[in-house]
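For clarity, chains are labelled A, B and C in written order, and residue numbers in each chain start from 1.
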Amino acid sequence: MFNSLVASSMVLETIDERLLRCGVSRRSFVKFCSSLMIAAPFGLPITDKRTPEEVAQGLGKVIRPPVIWIAFQDCTGCTETLLRTSHPDLGDLILNIISLEYHETLMAGSGKQAEEALTQAVHNYSGKYVCVVEGSIPTKDKGVYMKLAGRPATEVLADVAGKAAAIVAIGSCASWGGIPSADPAPTGAVGVADLMPEKTIINLPGCPPNPYTLLGVVLQFAESGTLPELDHERRPKFAYDRDIHEHCPRRAHFDAGRFVKQFGDEGHREGWCLYEMGCKGPDTHAGCSTRHFNEMPDVWPIGIGAPCIGCTEKSIAFRVPMFQVIQIHTPANPPTTYPPINAPQGTISPIATGLVGLAAGALAGAGYVASRKFSTVPLDQSVPGSGQPGAPGALDKDHEAGPKASE
Amino acid sequence: MSSVFSRRQALLGIVGLGGAVTAAPLASVAAEEHPAHPVAPPDAVSMLYDNTICTGCKACVVACSEANGLPPDTSRSGGLWQMPEDLNSKTKNIIKLCEEPNGKDFAFVKRQCMHCLDPACVTGCPFGALKKNEWGAVTWESSLCIGCRYCEVACPFDVPKFQWDKWNPKIVKCEFCFDQRLKENQQPACTGVCPTGAVIFGKRVDLLAKAKARIAASPGKYFENRVYGEHEAGGTQVLYLSKVSFQDIGLPKLGSASLGHYATMVTSVIYKWLSAPILAAGILGSVIKRNWNRHEAERPEREKQSGLPDQL
Amino acid sequence: MSTQDTTVRTRDTSGGTLLNHWQRGVPVYREPVVTPTLLFFLALAAIGFALALARLCSPLGPFGGMNDVYAWGIWKTFNVLTLTALGSGPLAVGMAAWVFNRQKLHVVMRTALVSGFLFYSTGLVALGFDVGRPWNFWNVILPWRWNSGSAMLEVSVCMPLYCCVFLFFENLPLILERFYYTGSDATRKALHRMAPFLRRIYPFMITGAYVLPLMHQSSLGGLMLLGGEKVYPLWQTPLLPFLYLLAAGLCGLGFVTFLLLMSALRYSRPLDLGVLGELGNLLSLMCFVFLAVQFGDLVWRGEIRTAFALDKMSLMFLFETALLLIPAVALRSRTMRETPRSLLNLATLACLGGLLYRFIPTTIAFAPAPNAIYFPNVPELLMTIGYIALGIAAFGLAVKYFAILPGEIQDWHHMFRLVRQRRAAARPEGETSWPASLSTP
């Protein structure tokens, strides 16, 4: 096994040839392909509208792409996520499907041997390999905060990624800076695209991202040399074009207004919506709601009852507090509520009613009082209020008038 | 002046109208503008809604909001869901649910502007901000609207909605996606998105025939075996087929005469060429002139008696 | 100053002799101009107008209780549709005086004119603050943009024209009269020159001043024709415009009667039961005509049973009818017409009946949808009250500055005497700015 491994690392061979040489049966390969389709991301281009046999046939012709995996300010979580796959398992992936030339965590060698392997691989496959970058790159103070074999990360990146055919920035750290870029960002951590915007880069943000996203990207590149359609943030649309909220298994609870109010309450135990606990699902583009982690259903934050923290989004992850409730920007219709045929319209303000009553009462009262001042006797000369014939006329009052009359 | 209707008096009577003469365009009211049974324009477009097919998915509500650039009405949901309770200043199209008292049967209804053949709102709008165009869609123009809300009072279907919460308020109502889509030869957003074909778009003559064909094919399926909107309020360009009573789904019971006809029956005759006002001015003017002359003739005597100038 | 008895005795139609107290308009001169009542009404008006100005800087929603199905609040339906009926005094009294030659009513024309002008102007102000897009109102002067079938258009053109041109012109003589007596020599000379011209155009202006209200008072009724089936059948009729016009006539007469009686009470002035009796008589006739037309229409439309169904709407209708029927019948009696208290009460009832008739189809009998209700909210009410209060305050001021309320000639002379005394006290040199004798223009 070992000899063939070493031997194969020098020669670019197709997957079929590799499998033949390593004694992997056709049947197991087809099984791998079908599991690729089960566990693969929704809309994976290479499995789209094909049977496992067709996928196997297609993939069989693919030349194993060389992959160089370099890591900077990382936590190795993205590598760990790759380990949690069994369709294919990591061994199959790195040995039979791709040609992993350099990976600090997985390779046997270390020290000078490792350095040697990197230089060799970069030289031999220059312009042909896929460079997977894990972890953010420090830029402050001339990038002293991360060094690989004595060279600053920026220099390594320029060298290794510069000669790659395509760069896959796996994880939020490599995509846009990740945790190290959170306030106060002491190392000036940035993503790959911030330093090499002109290169072909695919960002796979997530903390960690789903391993099948990486798989889909690498295999498509391997098969056709093309990369999946990307959005404006260079994320593959097949995995990042929708937000968690759109496909969340707890969406029915959201639509019906059943929210968890406190961790551990009855709603939480029943699995209700976590929006009011600060779930960032509505603003987070990722596929976690359909593809869970560890190949087990419900193994993802919301599935276990923790609100989504928006780990793929630069504007949310490690910036907006985890339990801060966000505004929903694209409301949709809840399916269980319909307006009635005759909706109620208008309200009556009690103060207004009182005001009208007051005014009406005042007018009625004033009217009554005024009318009482009038004489009830039909007279042909009368002054209101006098009540008797021959009463003093209005003119007799002029003695009291005084100089107050105006013009 | 001995003769009552001398030329001078008649002339003076007319001149006495003064500014009323500037209301000359009122004279262009003709009974032909509001016939008792209006005729649809030849290119009249139409929508046919059949609630036996509608599933209440509300895709038309969302599509309408998007096509018209309307903000979602989330007031009832605290910002979470778009759930308008009725047509309003943010909602031009809505799906409502009618639940029958027996608790089992239900029916949906799609409500929006009916685009009447002789719309009451168009009749009442003082400066013609609401107009019916060559395809029959009733559209609103902001530069002519004074916000008097007469259209809201006039519409028998309570369709136009005023933006009570805006300082520059508009009248919001379905306009058949005229600017956004009809002009580009596309069908309106709601009919375009309906997944089941419950609401379809076409020419009024065609859809009326189609509706009648459906009735003929399944007698007893549709309420009263007729199409609502064929004759209501003179006829509308949105037609309804319903499995339950039209009144149950909120469509008012209306006669077949258009409201515009009813409202202008008398005024279109008496104001034709301003005949009634001119006649009134002439008659009143001559009588008043005669009385005035007599009043003036008696003035010196009154003033002598009182010793003071006469008051007018 | 002459001490002769200038009281004129007139013979009325039944052969009796009436003492004619009302001979000309006399300003109210025994009262101070600024009274607590005036200040109270000005305060109410200030509150109303402050809210109105705030309304202009804000969306319409919070300032009215209006909603999408009751789109008209009380500004249009009450201040304009209803109160301008009370303001139809110039129309009703004017036509009675100038067309039907009831000479006695000339002396109360000024009261009718001023009250009518104030009702119309406050109503138009209310309308101005009610429309949601007032900046487009300039379309009113472009005739090619007029929608000729619209009653709203007719009202928008006719009412401002009437109020600002014809009704204002009718009020001009009483305003100019003041300048004549209190102005300089140059002013008086100018007025002398103007007077013949004003007299020449006067008959034509008042012709217009009667034709225009005939048009727009009926168009106000025409507005509710488009309400169609939303207006309860007891009120919805093709005769709506005609009935609104008749209601305007009877409210105009009723309100002028009411106003004359209340002003006489407030300012301690003598009554003239001949004139008031005449007004009461005409009011009674108008009420009969109105009721006859209304019930005739109900019978012809076949709705007479609905009127007696004794449900909420029917009771409202019967109440409104009673408010008009009682004065109609009672005022046939001469005794009633010449008893001040009865006349006041009956005139008030008739006004209320007419007001109710004009208001009901717009709001109370207007049922746009089930589950919909309307009641004005507090800002809306305060603004309405403010507009009305302004009118009241303005009337209170006007009667003191101008010779509006009818009085006796003796009173007029007495007023002059008092004013001269005051001026003499202020100017010891004895110079007055008034002519010693009054020359006729």
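Here is the rule we go by: a residue touches a chain if its C-beta (ideal position, glycine included) is under 8 Å from a C-beta of that chain, and two chains touch if they have at least 3 such contacts.
Note that this is a predicted model, so its numbers are computed, not measured.
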Winner on C-beta contact pairs when A-B is weighed against B-C: B-C
Chain occupying the middle, per Cα centroid: B
Reference chain C; chain at largest CA-centroid distance: A
Chain A and chain C: spacing of chain centres that average the CA atoms, whole Å: 68
Rounded Å distance between chain A and chain B, as computed from the means of their C-alpha atoms: 47
Gap in Å, rounded to a whole number, between the CA centres of chain C and chain B: 33
Where chain B touches two or more other chains at once, by residue number: 86
Where chain C touches two or more other chains at once, by residue number: 67-69, 369
Residues of chain A engaged with two or more neighbouring chains: 342-343, 345
Contacting residues of chain B [partner chain C, same complex]: 12-13, 15-20, 22-29, 33-34, 86-88, 120, 122-128, 142-150, 152-154, 156, 158, 161-169, 252-255, 259-260, 262-268, 271, 277, 280-281, 284-285, 287-289, 291-292, 295-296, 300, 303, 305-309, 311-312
Of all residues in chain A, those that touch chain C in their complex: 342-349, 351-353, 355-356, 359, 367, 370-385, 393-395, 397-398, 401, 403-407
Residues of chain B defined as touching chain A within the complex: 56, 58, 61-62, 72, 74, 77, 79-86, 94-98, 108-109, 248-250
Complex contacts: residues of chain C adjacent to chain A: 18-19, 21, 27, 29-33, 65, 67-70, 178, 182, 261-262, 264-265, 268-271, 273-274, 335, 338-342, 344-345, 348, 369-378, 380-382, 385, 400-401, 408, 410-411, 414-415, 418-419, 421-422, 425
Touching residues on chain C, where the partner in the complex is chain B: 2, 6, 8, 23-25, 57-61, 66-69, 71-72, 76, 95, 98-99, 101, 106, 109-110, 130-134, 136-137, 139-140, 143-154, 156-158, 161, 165-166, 173-174, 177, 199, 202-208, 210-212, 214-215, 219, 222-223, 225-230, 238, 241, 368-369, 403, 409, 412, 438, 440-441
